[in-house]
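Below are two complexes that have subunit A in common, paired first with subunit B and then with subunit C.
Let's turn to the complex of A and B:
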């Protein structure tokens, strides 16, 4: 075994361990912020596996899109909500967990048998490492043109939908606010103060006199 | 022109000494990486010194004066101070994420130095997708910022982290589109190919003449990605104390500080490579050599060429760093809504039009725009 093969084997083992560990963490941890960060770890490990398979472009695109965009937005959304509350334990909660475990294990067994049973037509030649991007581009504009364009239309629809949801400027059935409160609030929809339950007045930031610089 | 290949020479001389080929390669591999890390760190020290001196001149002060000649040791003193400072973790912070945050910010920035070429063979690896690798790596940084903002358990930190993520996502798109226009002209994502495409005509062949709009977009977006004034909203001290850095001290703060300056130097180097001809000198050296009648392959010319290449890349990069420091003392900070408006409503459409124009020009004039 020469140097390159050894490095490849060790990286494969490390990346697989990282990926499995991070993925299990995403599912099993109760803190949603940890899960979100570990999801990023999973994506990075998958990108590493793509690199080992000589698929540079897919690996870098994985990092750029899944880690740099999707995962950042997931974390962003979690932190904008930022509700640090413990979930109340559900009665007979173990039934749910057991059912989930059974479904997951069944899916895993199904996929494993599929992988083992399917006669894979492995081509002996190496993948196009450097010229892969050219090949991908050619496929996008010839035989995969329709799926490519459909995906872009889907993304456009999601974009328009998100903008319409975010720009909703009127609220249905908004209760009238007291006038003095309306003077003092910013022109935005009324909402619960972040991190402050209605009863816990000692944690509200706006009414605490020591917080105001006067 | 092939230039000097240090790797081949090194491995050959080691194998002649009786070291097996694989081991010789393994000995070679860490050397350029180590050199690049040291180079990046020294580059940061120089930049910090420049920042202090230029800031002082802009305000008609003298600046650091007694720490070494002309105060060149001031950044070293800064670093030593930060190393010996107590490393505190706030009581209700999340200690694991609090430590991991700065690390995740720094690693991708240093990793991006992989693709910075100082000459035909003076690059750690000539990745075929170099620029794309850099864009992908720089998109990992906001995760570290969000992590440290969240783990600090401080509202200013959290706001700073959220702002950093929003800013970095917004400016990555015009940045990538500006790069795509350059890549379209050179038909390659490799930084070495991009520089080679600009070579041959001296200063006239540089991409800045063919991509003036792209150059401005890239520079503005790169400043925003580095969180320099006028775009330093994540740490705006009048509003957010120090943003995501508020709770940090000692070595962890030093990592943020180092990361931001390494990122600045890296952005300047990439502007030099993408738009200012990389290691090419303003007057083409091969043309000069043919004028004098020296053979292109003579050994001393290759050494002069390599030395000149490194000098030229660094000169261009530090000229851009100088402009960035000057901008810091001339431009006021933008507001967060102005920042997002500039990114989404101005830079994004302009960079799309720039991309379209480049494609049209490439079809119309394939000689000048790399057909």
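Let's turn to the complex of A and C:
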């Protein structure tokens, strides 16, 4: 084992400890804000593991998309649905927890034995890390062109769908409808139509719901 | 031996994601668990791409696709959570029984 292998092994151990600890924190912590920030830690650790796997472009995309977009989106969603409530305990809730833990540990043991038993056909040659992005680009525009374009269409559909789903509907308020509608609406401040900038989306003008709650 | 490390790591991350997916009461945390599972799959793909197919790195191509789909999924999922929160005034997964019975 030379120096580079030692450095690789140590960084692998550090990154895996960070990743597993942050992932356990995401799942097990009670405060969902801590979970969201630890999720960012998990994503960054996974990006470091990608760097260990000679994939600099995908590591960069991971940091850019997951940490920069998905995690920020999740934190915004947490701020939008910021409602402090204590969940009512479910009857026999521990059975589900225990059963899930048993199933997860069993699945992990199964996968681990499968990984260790299988004789992997390891490729003898080493990958060129610098040329990977060129190869990825060639794949995108030759043999994976159709999935590439389909992904762009799907992203457009997700964009439109997310806007339509998250948009607030303006109902024509009839007096007898308003009483039964009030039960289902969100307790939040009504939006100022004149004051808001026309380009501002619903999310930025939506006030924190919790200040109306308490 | 390095390949097995990454595969076991991905398996552990996937199992943590499954545990969080089933046991979370908060709907946003369920989405976070789904992201964890997607990351585990990505790690698998990247490990296979590096150790079994280092010349034409098809695993990295698939990983980029999965990242794109995961971003779309996160946007739509969080929009659905917002819509449900507007209607039901809660994020408790136990009370989302509109389509249950």
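The rule is simple: the second predicted complex is superposed on the first by the 156 of 214 C-alpha atoms of A that agree within 3 Å, B and C clash if a C-alpha of one lies under 4 Å from a C-alpha of the other, contacts with A are read in each partner's own complex, and residues count from 1 in each chain.
By our rule, a residue touches a chain if its C-beta (ideal position, glycine included) is under 8 Å from a C-beta of that chain, and two chains touch if they have at least 3 such contacts.
A quick note: this is a predicted structure, and the numbers were derived from the prediction, not measured.
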Clash or fit, subunit B versus subunit C on superposed subunit A: fit
Could you tell me if A:147 is touching subunit B, subunit C, both of them or neither one (first, second, both, neither)? second
Check the residue A:32 against both partner chains and state whether it touches subunit B (first), subunit C (second), both, or neither. second
Kindly classify A:120 by the partners it touches after superposition: subunit B alone (first), subunit C alone (second), both, or neither? second
A:69 contacts which: subunit B (first), subunit C (second), both, neither? both
In the superposed arrangement, which partner chain does A:100 touch: subunit B (first), subunit C (second), both, or neither? second
Let me test your reading of the model: by the given contact rule, A:56 touches which partner, first (subunit B), second (subunit C), both or neither? first
Is A:159 touching anything from subunit B or subunit C once the two structures are fitted on A? First, second, both or neither. second
Would you check which partner chain A:80 touches, where first means subunit B only, second means subunit C only, and both and neither mean what they say? both
Using the superposition described at the top, determine whether subunit B or subunit C touches more residues of subunit A. C
Between subunit B and subunit C, what is the shortest CA distance in the superposition, whole Å? 13
Intersected contact list for subunit A, partners subunit B and subunit C 57, 61, 69, 73, 76, 80
Tell me, which parts of subunit A touch subunit C in their complex? 8, 12, 16, 19-20, 23-24, 26-27, 32, 35-36, 39, 42-43, 46, 49-50, 53-55, 57-58, 61-62, 65-66, 69-70, 73-74, 76-78, 80-81, 83, 85, 87-88, 90, 96-97, 100-101, 103-105, 107-108, 111-112, 115-116, 120-123, 125-128, 132, 135-136, 139-140, 144, 147, 151, 154-155, 157-159, 161-163, 165-166, 168, 184-187
Please name which positions on subunit C make contact with subunit A in the complex. 2-9, 11-20, 22-29, 31-33, 35-36, 39, 42-43, 46-47, 49-58, 60-61, 63-65, 67-76, 78-83, 85-87, 89-92, 94
Could you pull out which subunit A residues touch subunit B in their complex? 2-3, 33, 37, 40, 44, 56-57, 60-61, 63-64, 67-69, 71-73, 75-76, 79-80, 82, 129-130, 133, 205
Please output the residues of subunit B touching subunit A within their complex, sorted ascending. 22, 25-26, 97, 127-129, 132-133, 135-137, 139-140, 142-143, 146-147, 149-150, 155, 158, 161-162, 165-166, 168-169, 172, 189
